[in-house]
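Below is the structure I would like to discuss, written out as structure tokens.
To keep things simple, chains are lettered A, B, C and D as they appear, and every chain counts its residues starting from 1.
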């Protein structure tokens, strides 16, 4: 259960892969500046890094929220990040995304949690022959991800990862069940933890989803110690003024310190092994 | 907050509208036979009836489950039901459904719970200028349906209904929160209760979702007494051998007795009024 | 599964029994005035009525909240209600209640939801040889109430009822699962629905639990239509100034209209029978 | 927020304290044998250790399950453990426990999750002037533990710890919310994680609660990385034949390896600090 994404190996016997970036492409230059800092940060620490940004937020709570720069500009920016820093990029695709055009530019496709049960969509994305990160629906039990992975792999694509991003817990709240990170190993796909959306309070701000940024380090540390192949985290130089998901973005200038703690934990846990796997 | 669907009025000051039929079109003749019985049953009782059947189950747990006869045959059967019995028909559409072709044949479009947050999809369906029944996501709070309804109405379509079908309650279980039926009145859209999917045990049978048919009458009675404009219920002459959702389908031959109880409750509650609305 | 409480029969083949009163005894005269109105209201409608009031709230969120007049005064008031209006009274007992003294005065003992799993406590209460209404814990599945009832009956007391009052649903929220009302019939004990505490928002006001009174009629109607032997409801002439549980108390002057709707529903549903029981 | 338990300091700036032992005292000699192994294990690793065992399981699902050796024998065994190995012991007390007799023998009292809201009980236990470990109810939000701690401290006892053991998540399941471990720091009491009861499936075996031992290491690692003052864990030399809670006990012979991983994580996280606290 190790897969390869553009030269990076993902697996429980590999160092933690960081997937990070702003929630949405805000401007070309701002996006490149973030990518530069993240590249430097991860190069210094010698860990695999994949840049993440959305260009079209297709499922925001309210129709009047900022959705992004649109596809043409968005892909242009992602392509620039990719080339300038020589790093792989990931973006999310949706029900009406022209998949081929996106797959031409990005290295790793991501499917939204809400869409994890849409058979045709999942298979269409998997058929693009790019690695696919499938987010687990907020309504799905971890063991039910096996069927989702099987559907995706039925297209012949074996580079599938699964991602925990919290499960519905009453109204307007999610809980990140750490058991899920171990349970999803049974899918055969490397498991990634999304520390950003796990602290979302869906719909919690009326016309937008709220979030509790202060829980990002808590859940990220917990997940890394539970044992994951990758960590997904949104970051922003100025979260209070971010155009999307600001409440749960982690401040870019505080990321290095957090990263150091996480990598130390990752190293310890992968050294000691996973007692649950011998069960 | 009364809307018109093909000659039927839907609202809290109207008699309960029944939306019923098999989960999926199994064969042309079997589907027509069910429609005939339901037409007779509802005509005798003088209530609005809309026939429901899917022709393509796009989000089944496992890729190997029966999905239906496909679009051409499915629409043909729905058209036949519509013409032969002079009743409106409802079907559900998905991310890749050719919406125009479906809207040409059916009277009422329904969007799946998983897709309720996909802005483009909801607006594409609403733009078809047919009434749209929007199922509330298993991950959504009732008050958050206002944004969904607003998105749909932004297309100019005012004939929107909202539908409760249970909310995530731990893993592999749903709970039907009766407060939701009252809370969703604030959307301005008539509220429908789906008694079939509310008793689903998602993923509960391993590669398929289970269900607890015995709770259908309990939840249907409760919802009608809470006060709804319509009731959605899947029924089958032989649920044990149904090709989809059998475990939560109500046996067709036991529907008349259940319907009598429900209509009597509906009449009582609508006579006495809704104390919560004066609050 | 019919039991007798001071001349009243409780069961699914009997008219709905109303258990109502203020959350807590506030003053002797105010309590008697409420009891008088309730007695009149229920006599006119020919239904069994049991007066309910607590005299010591032993599990309030904060230690500084009003707990009641204490045992001596509280029992005196309950005894006065009992004698003056010739009606049975119910009160709740707690871990340190002198059970014999209470059982001397009240007709029906009630155990708190939080304590439903305390074997010694449940058996001590059951051993008082009074009917016991056991509230289901907010953390318990309906089917697990069978063990609780069995423990209580092991004392030789057969007059046990079980009561649904909502189940934990995320933080600071409860949901009333109507399936529970049918599922708990398997305990062999008549099932009662508590419409007041089911709308509680536990801890929702910081140092006290909040509540949403507007959902009381919705849930009460739903539960009666699901089919119950009794309905528990707290009422107050001036809920905004009630000393405990005001946010979820139903205004006394609006109770007659609500009661009329509920009794009409009760009559309809018990006439038509319970389709789920034939399953 | 550091407290002292018999010479051990508990706090986020101290090494992890281990509270471990069998669920229930099975026999005098078996209990001593377990205590000996645990003492050796923790002495070698230089960490604070508190021996834990119950002598009377007062809230088992079914009345016919093994409850323990009773108080006299139970306390005798605990006293023997205490003296022979010179270690502090912890046990849980219940609604009818003679608190003085227990407090004479044990160093640390623990209150059950179900009873966390019983004001009189919590205060009676706190009044014993021993450290008290208060388990958070399965029905309680983390921030609501502040009221519980305040009630306890109102007795003058400042040596209070709080303990997360999972929160209700649908029926017959719990989820361990790692955010709770950080949120409960606001109570001012050191936070302990109970890795054993967090993997319980309440009522999951019909007449007894089930459990998923394989999740113990996952949750324990996650909690330690989230940051806690202590870890509570039940262990047994032969879990399959344990008389109580066997399904969630961790095998004694596999504890050293698990402990090594946990202590390494604890050391890393306490070195790097808690980014969330600076928020």
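What we mean here is this: a contact is a pair of C-beta atoms (placed from the backbone, for glycine too) under 8 Å apart; a residue touches a chain by one contact, two chains touch by 3 or more.
All figures in this text were calculated on a predicted structure; none of them were measured in a lab.
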Please identify which chain has its centre, taken as the mean of its CA atoms, farthest from the centre of chain C. A
Chain C against chain B, contact positions shared by both copies (same if over half, else different): same
Taking each chain's centre as the mean position of its Cα atoms, how many Å separate chain A from chain C? 48
Centre to centre, by mean C-alpha position, how many angstrom separate chain A and chain D? 35
Considering chain C alone, which of its residues make contact with at least two other chains? 167, 169, 171
Using the touch definition from the top, list the residues of chain D that touch chain B in their complex. 169-171, 173
Sites on chain A touched by chain B in the complex: 58-63, 94-96, 114-115, 117-121, 123-124, 137-144, 147, 150-151, 154, 167-168, 171-172, 202-203, 207
Could you list, by residue number, the parts of chain D that touch chain A in their complex? 167, 169, 175-179, 181-182, 199, 212-219, 221-227, 254, 257-258, 260-261, 264-265, 268-269, 271-276, 279
